[in-house]
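Everything on this sheet refers to the single structure shown next.
Going by the order they are written in, the chains are A, B and C; count residues from 1 in each one.
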Amino acid sequence: MRFKKVLAAALACAMVVSTAVTSSAASLYPGTPDEDMVTIDMRAEPPELNSLLTTDVASGNILRMTMAGLTKLDENDIPQPDLAESWDVSEDGTTYTLHLREDGKWSNGEPVTANDFVYAWHMISKPETASAYGFIVYQNIKNGQAVFDGTMDESEMGVKAIDDYTLEVQFENPIPYALHLFSFASFYPLNQKAYEEIGADKYAKEADSIVTNGAYKIAEWVHDDHVTLEKNEEYYGAADISIPKVKYLMMKDTNARMNAFKAGQLDCFNLSGEQIEQFANEGFETKAYVDNGNWYFQYNTKVKGLDNAKIRQALGMAIDLQSLCDNVRKDGSLPATGIVPTGINGAENKLYSEARGNLVTYDAEQAKALFEEGLAEAGMTADEFKISLITDDTTQAQKESAFYQEQWKQALGITVDISPMPFKARLQAMTDGDFDIVFAGWAPDYNDAMTYLDMFTTENGNNYGKYSSEEYDKLIADAMKEVDPVKRQDMLIQAETLLVSTDAPVFPLYFSAVSYAVSDKLQGMTRTGFQEFDFQDGATIAK
Amino acid sequence: MFKKKKKPIAVQQESVYDVSGKISAEAFEQVGVDTGAMESIVRPSISFWKDAFQRIKKSKVAVVCLIILGLLILGAIFAPMLSPFNYSDQNVAYSNQPMMFQDPNNGKTHLFGTDALGRDIFVRSWYGARVSLTVAIVVALIDCLVGVVYGGISGYFGGAVDNIMMRIVEVISGIPYLIIVILLMTVFERGIGTIILAYSLTGWTGMARLVRGQVLSLGEQEFVIAAKTMGAKPSRIIGQHLVPNILSVIIVNITLDIPNVIFVEAFLSMLGLGIAPPQSSWGIMANDGISVFQSYPSQLVIPALFICLTMLSFNLLGDQLRDAFDPKLRR
Amino acid sequence: MSNRVRYIIKRIGYAVITIFVLIALTFTLMHLLPGDPFTGPKAIPESVKEALNVKYGLDKPLLQQFFIYVGNVLSGDLGASVPDGRLVTDIIKQAFPVSLELGIRSLIFAFIIGILLGIVAAIKRGTVWDSASMFLALIGVSVPSFIIGSLLQYFLGLKLYQATGTQVFAIMGWTTANSKILPAFALAFSSMATISRLMRTSMLDVLNQDYIKTAKAKGLKQRQIIWLHAVRNAIMPVVTVMGPLVASVLTGAFVVENIFSIPGLGKYFVQSVQTNNYTVISGTTIFYGTFLILANLVVDLIYGFIDPRVKLTGGKE
């Protein structure tokens, strides 16, 4: 039987190949056949759905749909009331009094109260919870660090339940992006009863070992295969949610995604550069958004040659970023204009990047001149300047690295070795300071320039290049305490100019973009730099 | 099949008849019994190697394979030297061009087109041939050397030595090589050397087993026992008697090992663990090609054809060699 | 005690030693991997890292960790995946049956096609048939599985669907019957080539044996000779490569599982090495290793039972 099938298939296949199929552009891809469910590709398994411990984008996607926090982001990444109906902010910008709605409900039937937030924030600030992202809570909340260090009791932490539905939060510094922070997974509430019944070790490991309070419930979770979410009818805003079921697949192969989409097994997936071209040739319109990811070179300022600012500037100036984005990446990524991407909010309801302008130039000739000067200052010859570039071992990263290598060769006449490494090995090399130049990326934690800039202060754990500038450290420290948003932004721009143009311990390459294809069936889905997938802002299934 | 026409025995044509028509007694000669002639081998003696060689020559498949492999090796050596392009030269403005694309700036033709970075695929294919073939051949030789020595010792001494040595082999082949390879790739610098080292560390076990098996069965044979009785040293017995007798198995196994290594190289490239950019190998090109084959099929077809052709040639040659060396299949 | 029982006990003893050494080696190797399971894109405070190490028992000296681990393994506990905390035994329980089914399906494909090709090649030795069937077998092994898999998926999954309007073969997943054919087929190719070539050699060997000549002399039909005498005996050596074949199918499964989005164990193994997930690395390695060693053992024993010429005495009379 099977043989006949295979044979028949092979014959049919031969026919297909010989008679090329041509199809019209209109309604090319109607999407999956299910009437009440959309299927999208999320690429990876959500490894941690315990909101205390989670760090990654995939888990964030599921938690955003299944958990309600104090605020939630709308389709433009602006925080909107969620469980907190309203709030009052103190004069100095450090104390928030939040008034919670009374119809929030956990999936185990309990009401969501202010105490659930207090419990969660206390738990995440305990060292034994070992939360990799906990610092975003306890370093911002008043006395949080002392509680974490064990020098203060958790009752002294700046989060208090005034009554069941009033929460008072005190921050260490005035934080302009506080409402945005409240929508972040680390600030979600936690149902104490469920957490203690299930046990910290088992909590959120399977679909039935997590208690949620959001618009969707986890109906099915087959690890490393798919997660299916089902609309939660008890959610206070259920009337506004129109898609009954969402299935997230975890596909690993680029071609497979394309094939599945074209065969109507998938409603949305991310595209590679070549696939964008292919769809463009078919006349099928694809979509894209800037995901606020920033990719850059980090120079090890302790390496001879790279300790010279002119050499570092020259290495950056030698690379044609426009050509990189147009000819190599081809996915809508933008040439970097600084370390902070274009999608980040700034003061006075404008984008930060508008105030900053462009800090990055491409000039191969000037690069060469700077390079010569720098070498002379460092007392080296071009032959002695032997460095290598560490990069990820993905096909895309290796391709880009080959491009940088060739650009350096053409502009500066030097050969930089490329050493591709698995992700963990690259990070270990960075941590150990065992690198010359590393090709690294950064994804924002919150919608503010600070998330990109505070990592280059002398003491910061992410400052792998060991860049150290008193001026820079002071600008960042002052900005953290500054209440006036415009003054604060000016300080940040000064710091960024120092970082990108003057001292150049990093060189920003591009702001990454995500291009994706959506079937005609799925309408109104939100995809932004802070919400990879969201179906709560009016997404519908087209009839 | 190899019979040669025997020369007819010369008959004396002089007249042996007298007038009366009788044959005189003088015409007869006492020949006697020539014991030497009785023992002589009239058919030319065909040595093992000669026989095998003749059989290979007769096999069209084997000859074609040898020619293809020869061309591949020559191409790998000379094509990159003769091409006007360098394997790492990029021209991103003309990326992903089709076959026979002519560069409008300098009029040079890219025979196989260009890849995603505008590099010439023709020269990269041949440069890749250098890398892939070097890795494959060196690994196969190392595997063979280690395997023969190890398997030979194990099989020859037998008993406890054999037991321990074979247990070690079992453990080594029990470790998925991926762990070792990934480990070495992360610890050492990417390059041909690391791939060779990584694969040889686990690859020799198959050969060791094979050689041991052969040695075990040969060890029981009379000529080895005779040599032992005459006081030959183990090294001499292994070197002089056993190795030549199992050479055919070894050669066949080498030709079959080479395609395996090419495969592993491709697999590693797929995991991103191949050779470092900007160098090329068939595995890397195939992996790059697979991600664009719906738009630019030639970028997959070309390296796939190279891999396929090489593997086919080595495999078919291996089969033919096996037939040629197998005394049981002599006709 | 009979020879056979003694032999089996001896083999099992060796297998246990082998598995122990395997555990020790894997343990050493994976701790040499650069980085640790908690390395992430953002720096983690030292104190959190310490807490994580305590939580997963990585704070103790390596040697102590090793003995604790061996003890746990003996009691059937392979530990929890770091850092997400799923039990490794749960992962194996969920993912291995899928890989196993994929493997068995592909081996069945490989055996049927491989043996047929081998027989044809041997009977028609030296003819076009021989070359053609060997070529057919080799073409499979000559193209890396990630290429074969992608091509099958594109042409038989997508293009066939676009041409006919029905999904003859599913593009991905492992739930419906039509999703299980292409992956098994893609995975079968390399084993198929091995089997067909082995079968060819073995058939040639058998066809030269005296009992075949006797059968010929007795006037048996060609078909009877081949199917009743030759094939039955020639299949014997093919059984011996079962062990190594199972191994190659299991490792090859990684590629195929990725392409067809199958929730099998193969990709866990590769992923875990890339993410320094110690417990999953060692858990899957030990599991695979044990599985392979047992598979080899079983194959050897089966071989001993079916072939009367093989004596299960470990080579000594």
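The working rule: contacts are C-beta pairs under 8 Å (C-beta built on N, C-alpha and C of every residue); 3 or more make two chains touch, one makes a residue touch a chain.
In this text, all values refer to a predicted model and were calculated from it rather than measured experimentally.
Distance from per-chain Cα centroids to the pooled protein Cα centroid is smallest for C. Comparing chain pairs B-C and A-B, the larger number of C-beta contacts belongs to B-C. If you average the Cα atoms of chain A and of chain C, the two centres end up 38 Å apart.
Chain C has its Cα centroid 26 Å from the Cα centroid of chain B. Our note on geometry: chain A versus chain B, Cα centroid distance of 51 Å, whole angstroms.
Shown for chain C are the residues that touch two or more other chains, namely 33-34, 150, 154, 274. Residue positions of chain A with contacts to 2 or more other chains are 255, 421-422, 425.
Contact of a single residue of chain B with at least two other chains is seen at positions 182, 186, 271, 287, 290, 293-294. Looking at the complex, you find that chain B touches chain C at residues 61, 158, 167, 170-171, 174-176, 178-180, 182-183, 186-187, 216, 259, 263, 266-267, 270-271, 283, 286-287, 290, 293-294, 300, 304, 307-309, 311-312, 315-316, 319, 322-323, 328-329.
Residues 254-255, 258, 272, 274-275, 277-278, 281, 323, 327-328, 392-395, 398-399, 401-403, 405-406, 417-422, 425 of chain A are the ones touching chain B in the complex. Residues 88-90, 92-93, 95-96, 116-118, 182, 186, 189-190, 271-273, 276-278, 287-288, 290-296 of chain B are the ones that touch chain A when the two sit in their complex. The residues of chain C lying in touch with chain B in their complex are 14, 17-19, 21-22, 25-26, 29-30, 32-34, 131, 134-135, 138-139, 141-144, 146-147, 150, 154, 193, 197, 200-201, 204-205, 208, 251, 255, 269-270, 273-274, 281, 285, 288-289, 292-293, 315. Every residue of chain A that touches chain C in the complex is listed here, in rising order: 2, 5-6, 9-10, 12-13, 15-17, 21, 23, 47-48, 53, 55, 127-135, 148-149, 201, 205, 222-225, 249-253, 255-256, 259-260, 262-263, 265, 421-425, 427-429, 431, 441-443, 445, 460-462.
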